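The data blocks that follow each hold one structure.
After this come two complexes, each holding chain A, first together with chain B and then together with chain C.
Our next item is the complex of A and B:
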């Protein structure tokens, strides 16, 4: 087990090198120079050259990459070209916000999808099931920014129940610090509700038709025991692994939601960085998002073996 | 003799489907005496398992529907019980062993857990007592180092060992009736014999009756006291083992026996029964076996034979006179 975990962790650097090399080449081969964009067209060529030198943009590409990599290994992701700030300090500001938002969205998705998935499996092909299918269809088909606008209009503008913005602002009460997360996490988590509900429904239907469920019923066990202990425990195996995978994914797709709700998370930071060709920020954030995704995938595999005794690494 | 342990009278189990109503069990009647081992024989889809599931009231309703003029077990009218009351009958009074031990045990629960949950449920044993009893049961079915195997999962056992675990679970509450549904079909032949012997010994010890469902005629002949032969949801022949096997009185029984290998007829070709079982969603006015029968007579094409007592205690629903059709080589 531990050998497997260490082997998987050992694979991470290799993947990250491939990812960062790709990003390195892609951002530098698109038109637009970060220094020119920042300083404007009127600046003297000497000043531009000086700053280019400071950011090592005048050096050959492979040298830039190796120097960057050397710094990364020493815990330095460089400085933002645009903001007078190190990439590490920008990340420590932005990552917790995105992490909390992803967590809130996932908690919402799990709390909704477990009952929906179970009910639609048990009441298969009845109106309850069709209603759940309808809800998941909405989750699949509405883009999250559109859902965000609907939620803002109904819950904030009309009913005045929840604030639209406020994440990152200093707040006095607990509710005041939680409330701004509600709408974005609903908008962000709706797709996960759909994904997880469909998954749990189908795995539950599959499990309920298994022979061991018939055995459990033939043992005269309470229906609730059959459902929770015998069926759910099996059906949750793919579900839990999917949660871990989707969580890694959620960190990277918040851009439109963050924009809509003016959230100072990683999505807005990376979007600004792309617009301004802020190479160090793009590279640093990509590195973190990719690492996070890889870690959640390893976590999913570990959870798999914890939940299913048949799987041993 | 005292009253029979189980009386099944005109059991009808059907399923509603898009193609109409499928009559999986179509008027089955039989009795099972205390301490008796009754064989239920027939090919796949003949209604053997459906009969067993109906007695256990494990048929999902809807789409299924179970009706009977009488379904009495040890003085209890099973059809009158609520689902909640039925929970106390299952495993405690009527236990079942299923065909595939690979798939009949829950893969994510330890063997100990699957044993003790039955004991806790029906015998109200607490954790430690249930554990002790579970170890006893595993030893009883011949699992070595039972104590250390409690925490093991089903995939860590071989097929035969898993079926032993299933037997331990089934017999854990000393049921009066054990239904073994193809209990040895999925096992190797050598393991089969061990499992059959084990079940035979254990049910004798606890005084349980057995309904042994199988398509293995040789096995049924060795194990059972009486046999019911089922075809298309009905019992077509019924009687003491020796009578049925030495004087088969239904074309289907004869056909089944002709396609079973015999050690005394080396070199003889087996004669399979041609054709397929009938579609159970269609109403049947004639003998359902008629299209496949090699012994049909004119009367078979005009009316459906009833189950009549052709010899004392030997019933069959067949017009043909099959005397002498079965080669007796003893």
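Our next item is the complex of A and C:
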């Protein structure tokens, strides 16, 4: 397996080079000059030229890319045109916020999807099953920003239960630190609830129809033992690997949630960078998100192998 | 032996799990020092935008950074909006000793934050030279006229301008008048100074983390009794509705930039104060007169027809829910040179006159691409305006662009016509006219020698009365030539807890001073 892992790790730089070249070309072919946007209309051509030179935007595209790549290899992701801050320090500030939010959303998704998946598998084609799959339908069909607004209206404005903003802010207690994460996590994690519930339901249905489950029942084992020890343990294999994949995905899809809840994460940083054509930030953040996604995928493969001894790479 | 003294081999599994959960939570969601809510010596302010960007005056800053910055840095001058005067602040006085020489006397005893000593003439010289040498954005906007700067003693600075520049107090000292500490800037470096600048204003930067900026009272502030509060907490909340809901829930005490549709309801809530001030901004259309010479809008009669076809009152009602003031010219209320907001074009337009002008121009109708940015209200406004001008046979092909794309076309003059809003930054009518109407202006499509002479003279003249007359002529000329069609000035609105007192609003978008804001007893 380790050979497989090392081979996959070895592929990462190649994938990242392809991703970064693509982003490099796409952002630079988008209309809009970051320097002109930053300096505004009432500025001299000399000032524009000086700053363009400072950020190497006056060099040929391939050279810009190679110089950027060289810096990346040496741990330097460049400097934000708009924020006058290094991309690394911006990432250090923003990544933990996004990571915590993704983690909280995934915890919510797991806690909800496991009981929903089991119940709907056990009560297949009954009203309970339809109710559970109906919940997943909501997760699939409501965009997370719309769900966010509904949650704000109900839980914050009407019931006054939870704060709307406050992630990244100073706070007086542990609860005051955690509370602002609740609504964004629910809004962000609802899609994962749907994905994971459906997956667990089908996996459980599959496992419950296996011969060894019938044997376990025939041996007179307690139904709960059959369910948890024999069925759920095996049904969770694809579920766990999907968690790893979805976690990587969660880091990259937070933009609307961050915007709605005023969260200083990677999503808002990228959004502002795109609007201002802040190329170094777009490139640096894309590189990190892509790397994270690739690593979680490799983790999923490893987990799959660890959980299911039949799988060998 | 009681249970208290029972010896156990170790913690129970439950205790372990609880401990692990607490430790994980504490690590994952680190707590921070509490905000003193009960004392109410603090104020939490929700502003727009996703972050603050730079908060240093010598690096390009955004409007949302200006809101806290002017509480960190005292400007050389302030504006008496009611009496339309530029008044001394940390510049005690200034004199125009020759047409191109200005002597500025700084106030004595003004201290920089955190022990960086007294502000002197050397700091002003350093700041303005830094702008010039680094070719900063302020050179374009505010300091373009500066030639040489030198200190004359500890508190006097003498500035020579490239040519006579009557707008110097408003433009250079007003918009370009935030001074940095030479010692602090050199010691910290430009990047660190941008994140935690040393000012001399009523509040000092304590922390800047992501979308939250904490300012604390400057104990050595030069104005006795100010500021009134100990702490300002700024939080950038991009969505206006969320900002308002956070205010209503008590997560914020003060908010800026509500959407116009939310203002009327908020104003009815007796727990909050809603302040509206006609803003120094425009919603306007601009024609690219340097573009295709055969375009029908090159004919000023067509441009006048468009201006007559616009029902400005409908725009204010439909798009801004009444939170704007109709105008047909470039000088908003509060600027030198302002007369009435409507000088020539009726508030509901005049379709007959518009059609007559089209006939006089010999233009039956045409199609033109009109660009705007991705602001929701501008998209709707452009659709409304397109419906209005369709009545005189003009078909607006609307093209929405994101802000970066719009700026690219606008700044490089690669458009036929656009509709946008703009905030006027410098407190001098020069900022409303020269850049847009003088043939050398970077956003001007006009090439009219008469207008050039007028805008150059008004820029050079230092006598306010003469300048006022010149700006009246400039406005009249603008309304005749119609290179831009102005729709309205949108209100600056703040909503805040009714127990807050002392806040004085401003028509300038980036000016929200909180030195006098406090909680009522």
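As a working rule, the second predicted complex is superposed on the first by the 313 of 313 C-alpha atoms of A that agree within 3 Å, B and C clash if a C-alpha of one lies under 4 Å from a C-alpha of the other, contacts with A are read in each partner's own complex, and residues count from 1 in each chain.
Operating definition for what follows: a residue touches a chain if its C-beta (ideal position, glycine included) is under 8 Å from a C-beta of that chain, and two chains touch if they have at least 3 such contacts.
Quick caveat, the model's predicted, so the values are computed rather than measured.
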{"item": "Fit or clash - chain C, chain B, common chain A", "value": "fit"}
{"item": "First, second, both or neither for A:214, with chain B first and chain C second", "value": "first"}
{"item": "Which superposed partner A:268 touches (first chain B, second chain C, both, neither)", "value": "second"}
{"item": "Contacts of A:234 with chain B and chain C, given as first, second, both or neither", "value": "first"}
{"item": "Per-residue touch tally on chain A - higher for chain B or for chain C", "value": "C"}
{"item": "Which superposed partner A:310 touches (first chain B, second chain C, both, neither)", "value": "first"}
{"item": "Vertex chain A, arms to chain B and chain C (CA centres, degrees, nearest 10)", "value": "160"}
{"item": "Touched partner set for A:182, first chain B, second chain C, both or neither", "value": "neither"}
{"item": "Partner chain in contact with A:88 - chain B first, chain C second, else both or neither", "value": "neither"}
{"item": "Nearest Cα pair across chain B and chain C, whole Å", "value": "22"}
{"item": "Intersection of chain A interface sets (partners chain B, chain C)", "value": "none"}
{"item": "Sites on chain A touched by chain B in the complex", "value": "210-212, 214-222, 225, 229-230, 233-234, 237, 307-310"}
{"item": "Residue ranges of chain B touching chain A (in the complex, touch as defined)", "value": "56, 58, 86-92, 95-96, 98, 100, 103-110, 117-118, 121-122, 153, 155, 166, 169"}
{"item": "Touching residues on chain C, where the partner in the complex is chain A", "value": "22, 25-26, 28-35, 46, 50-51, 53-54, 56, 59-60, 135-137, 139-141, 144, 190-191, 194-195, 207, 209-212, 214, 233, 235-239, 241-243, 245-246, 248-249, 251-252, 401-405, 407-412, 435, 442-443"}
{"item": "Residues on chain A engaged by chain C in the complex (per definition of touch)", "value": "30-33, 36-44, 46-47, 50-51, 82-86, 93-94, 97, 100, 103, 149, 152, 156-157, 160, 163-166, 168-174, 176-178, 181, 259-264, 268-269, 271-272, 274-277"}
